[in-house]
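Shared between the two complexes below is subunit A, which has subunit B as its partner in the first and subunit C in the second.
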Partner chain A sequence: MSGLVWALLGAALAVILAGCGSAYGVGVAGQAAAGVVTEDPSKFAKVLLLQLLPGTQGIYGLLVAFITLSKIGLLGGQAADISMTTGLLICAACLPLAIVGLVSAIHQGRTSVASIGIIAKKPDQFGKAMLFPAMVETYAILALLISILAVSAIQV
Partner chain B sequence: MSKQLAYAVARIRALEVSLFSDSIIDQLMGAKDEPQALSFLEEKGWGDSQISRDPEKMLEKEEEKIWETINELSVDKEKFSVLFYPNLFHNLKAAIKAIGQGKETWQFFYDDVELNRDEMMEIIRNKDFASLPEYMQEAAKEAYESFMHTKDGQLCDVIIDKATLDAIYKDGKNSGEAIISNYAETTVAVADIKTALRSSQTKKSLEFVKRALAKCDTVDVEALAKAAQIGVDSIKDYLRTTVYADGVEALEHSPSAFERWCDNKMIQTIQPEKYNPFGIGPIFAYVIARQNEIKTVRVILSGKRNQLPEKEIRERVRQMYV
Partner chain C sequence: MAKLQMQRVSICALKRDRKAVLEKMQKLGVMEVSSIEDEELERLDTQTARQSFDKKTNGIESALTILQTYAPAKTSMFDGLKGKDLIESDEFNPVIEDREEYLSASKKLISLEKEISEKKANISKTENQVEAIQPWLKLDIPMDYKGTQHTRTLIGTMAPLTTLEMVYTFIKEYDDSLDAVEVEIINQDKDATYLCVVCLREEADKVEEALRLNGFARPANPISQIPLAYEEELKADIRSYEKEIEDRISQVKEFESKRKGLKFVSDYYRMRKEKYEVLGTLPQSERTFFISGYIPKREVPKIQKAIGDVYTCIIDIDELGEEEEAPVLLDNSTFPSSVEGVVSSYGLPGKDDVDPSMVTSIFYVIFFGLMLSDAAYGLVVFLACFIVLKKFPRMGIEMRKSIRLFMYCGVSTTVWGVLFGGYFGDLISVVSKVFFNKEIIIKPLWFAPLDNPMKLLIFSMLFGVIHLFVGLGVKGYLCIKNKDIVGFVSDVVFWYMMLIGLILMLLPSQIFVSMSQMNIVFPPAINTLAKGLAIAGALGIFLMSGRSSKNFGLRLALGAYDLYNITGWVSDVLSYSRLLALGLATGVIASVINQMGTMAGKSVLGVIIFIFAFVVGHTFNLGINMLGAYVHTCRLQYVEFFGKFYEGGGRAFRPFTTNTNYVDLKED
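Moving on, here comes the complex of A and B:
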């Protein structure tokens, strides 16, 4: 198997896993947001922000995939000749964001649901409610950082 | 994923804002008479603009609103079956007595259950017990035969009440939901304690008490039945060894204080659901909280109507969920 396939697999995993996690997180938070808006439409803006928080992992996945594709020359239209070892290295570099993105987006979605519950009862506590799911974001950002550093550091 | 019920729980959270807190109950208590209390309730959105200021109709409407909300949430109504059993078994009891006494119009029936007046009457009239849900069949047959032979309404009540508690306990345990299981356990245990107290005061036989008490995990029915034979103090001594020890103090105060303690115990059981963002628990807790709220408002309105002293009404006012 060519190294290019492994590199592409890494990029795909970053997009797929982080995207799936975000889809779940935004979905479950959206259900909760809809529940609150059914009873009190004035809280729409606040719950929408909380719903959007778990969507960032999908964007991070896209970012890592872009950097990876750029690195292996696929975005320029001329694929680089990559050895198996280099391909595997790029794949491994994508994994932190792929895995942490999936898990953190799921948990961030669930935390967002809990925070939407705070908004439903105490809308004046919006700032505090935002902090709980935002804390989960830390780990997605750490994984993003490592994935970007690792992909960028690999010599092609 | 479907069991998370994120939409339903979030909607319930938004609805919890309009539940009565202890301070709102205090404001209601401050009303000088029933019309003023009704006016206060109307301001809080109770009742319906279509209905007149009839307290019973207002409370009925509020009960209806609970189930309208639950229907809109698209949750499995089977999960709430433990709440329907008392009314369903009441219909069975009423049908057996109506048929047995030949006075079909004398009994009150609930319509919002699986088998309403006409269906239940038809089944009992034809002795078609197999058409009843499985958990009712045996008790229905036994209660029917005992009532037909002895015309003893109390025995009929004991058989059916025990079957009700057995059904609640079994359904609670099989629900797989901690809150429903806890609710069922508390309901059965509290009912057993009340039965033991009544039996002790009316000097019922050990056999009768054992027959009336339903099995549960937190109360040893054998020990409770034996305590009931000795006397109320013995029941209190037994309760001190159980998780219901704090009910003894209420029991010593007055029967209404004990009733209040029983309802407060239930509210304490469901309190943790206020912080649970997923699952059937918060929805189930909301239903119990609303029913508790309606019961408390009924007590206050009735007290105001009969011009009871505030102290007496307050003794019957339940703890609120929020």
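Moving on, here comes the complex of A and C:
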């Protein structure tokens, strides 16, 4: 049964760390966006999109946690009997997204702030401004991929 | 798939036709004016005229803002989609004839606004005075009251928390003989203690000195009235200011009927300014003037007909020189044109680029659908875009293109959704199980990605390889078009050879088998062929890639470095795994929402909770995943795809035309 604790810890870490990262990223980007909107409210839609970009890590965290929870049967109400090894495996499988999500969301938030600066000065360069934060997100996506593949590959 | 071919047109016409010719040009709106430099010819100084038009436009714009503040017109969320109204000249011209009236209206509005803000400033000033008088309200004599024949009254403040005893002590300590003093504390607050002291006229100076040493201060501006009466007076002032403001606001509101006309006049001056701007750049001699600029080749007959046949003039059409950077205007059929916005936000095609809209549009729509991949979401997006397009026919052209792009993306999303079996995630099976006790499962037409993520991963990378190969193919097409056969073979064919060879070698290998659970066994001939292709391609790149360098050693070094780009290809292909990740994200979050919605079970409350969770949750999921799909599809196009062949950096074609803000004039 103690394996279940480890598996749950993995799911929790994915949500907690990635969520914290996204909260930070969306937060700093939001501060910058609010500054731009005080100067020029017509740029609201553009800066809002840029603010949202670092928010995806939190969602990926939710995603991994959900797959994990349904894997260990906590969602159906009937928790599976999981050995220590399996529990640790599941926990390890959650870690890539948890850690990469945290770090990449923070950096993506900072990049979003810089890109919001682009929008403030050159609003027509939206396509390019959007690209910089999207580059950072690549690594969150790669981590998500590995986490999903690993969790779904583990036999319970 | 085309950049329109540009030509340079130069017109030399008589000065007396200048106004007519320019107005005609502006109406046609097909030419970007870029005049030739010539020292000998004069230019008209239009600075003053332009500034006066600018001032008028700005004045009207501020008048419109004022009108909007005090008499707001109804606005809705969809106003941005409406576009400019189409106005008949019968409606437009009479307003323009009365433009002086509108200008004076705008001036009146501005002066009203000024009065309103002055009154508001007065109110806040008076309110400050009321505030300042508050501590003195209990004083029933004027604040500058000097006293009677034998007494004097000292009014002022001391430090907070001063008590009567303390004041008497202060006076006693200063001079023991001072007896005839009456102190009254009028008020106390955290800033000060407010005193009224009555004493004998002869001792007044001593008493004041005694108090002053302990922090007594007379008020800065004593009022010659009883504080209560003074407060009443101030309040009456405020009321009268407020009334005046109301009066001015109702005066502003009377101008509401002029709003439309003001917009017309604002646009009118905007057009005139544009015209004078062009006029200022035109070289002219004593009797003639010259206008020169870029024009799309297919529009040339229009100019000939509208200007050449009507006025006395000479029109010269020249092909552009090799080195000249022509402005870029894209011309595509309906489907590819919808992606033009995406292309131009990366950069319009430069001098040596082709217009990538056609290929980009196909992949854009496919990838977007794959990332969102839910049939119901796709249908929602499609219907929303379709309705908006039908409902707002006068929407701006750029906006129309983007919305059309999302409409196509909606269709593609639906198709992928049906293939993967996503309808609001797993809504149908969850709802049928919880509310109808009978689970209905709609089988995916192809397979469910969550059951077999590896399979979709392999396919994502396959799509990536196809996308990248098409990009490389376009590069090859460009080489052939520029008759650069060596470049075609060494930069394109060798890469194809090496990559195809490597892929063929990878397929039967252990890594691929363990990833895909597919055991592909090629006949030995193909294995040999694969090795041959890979080696030949690699050798070709090694030898040819650095061909621009004369030094043979350096050339080989450059070739070896270019071979290193194979890692770039690997990372490019891996980047397409986001197709899988984002597709899974939509489906999984949708099923989280469905699960939460049905947690309350089969009851009336359960249904209400379910409906709430359904609307809020799926709106959120659709929004966030559309954002993701949009951003990451763009990324795949910009970084991976355009990286293979596209430079960008073209300059947009900006014709001399009627640049209005509010209305489009109908052509006569």
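The rule we apply is simple: the second predicted complex is superposed on the first by the 155 of 156 C-alpha atoms of A that agree within 3 Å, B and C clash if a C-alpha of one lies under 4 Å from a C-alpha of the other, contacts with A are read in each partner's own complex, and residues count from 1 in each chain.
Heads up, the rule we're going with is that a residue touches a chain if its C-beta (ideal position, glycine included) is under 8 Å from a C-beta of that chain, and two chains touch if they have at least 3 such contacts.
These figures come from a predicted structure and were not determined experimentally.
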item: Joint occupancy of subunit A by subunit B and subunit C, clash or fit; value: fit
item: Subunit B versus subunit C as contact partner of A:149, first or second or both or neither; value: second
item: Partner chain(s) touched by A:74 [first = subunit B, second = subunit C, both, neither]; value: neither
item: Per-residue touch tally on subunit A - higher for subunit B or for subunit C; value: C
item: Which superposed partner A:121 touches (first subunit B, second subunit C, both, neither); value: first
item: First (subunit B), second (subunit C), both or neither touched by A:131; value: second
item: Partner chain(s) touched by A:40 [first = subunit B, second = subunit C, both, neither]; value: first
item: Touching partner for A:110 - first (subunit B), second (subunit C), both, neither; value: first
item: Where the C-alpha centre of subunit A sits as vertex, the angle toward subunit B and subunit C in the overlay (nearest 10 degrees); value: 50
item: Partner chain in contact with A:23 - subunit B first, subunit C second, else both or neither; value: neither
item: After superposition on chain A, the shortest CA separation from subunit B to subunit C (Å); value: 8
item: Doubly contacted residues of subunit A, that is, touched by subunit B and again by subunit C; value: none
item: Complex contacts: residues of subunit C adjacent to subunit A; value: 342, 344-346, 450, 453-454, 457, 574-575, 577-578, 580-582, 584-585, 588-589, 591-592, 595, 624, 627-628, 631-632, 634-635, 638-639
item: Contact set on subunit B toward subunit A in their complex; value: 1, 4, 6-17, 277-278
item: Residues of subunit A that touch subunit B when the two form their complex; value: 28-29, 31-36, 38-40, 43, 110, 113-114, 116-117, 120-121
item: In the complex with subunit C, residue positions of subunit A that touch it; value: 49, 52-53, 55-56, 59-60, 62-63, 66-67, 75, 124-128, 130-131, 134-135, 137-138, 141-142, 144-145, 148-149, 152
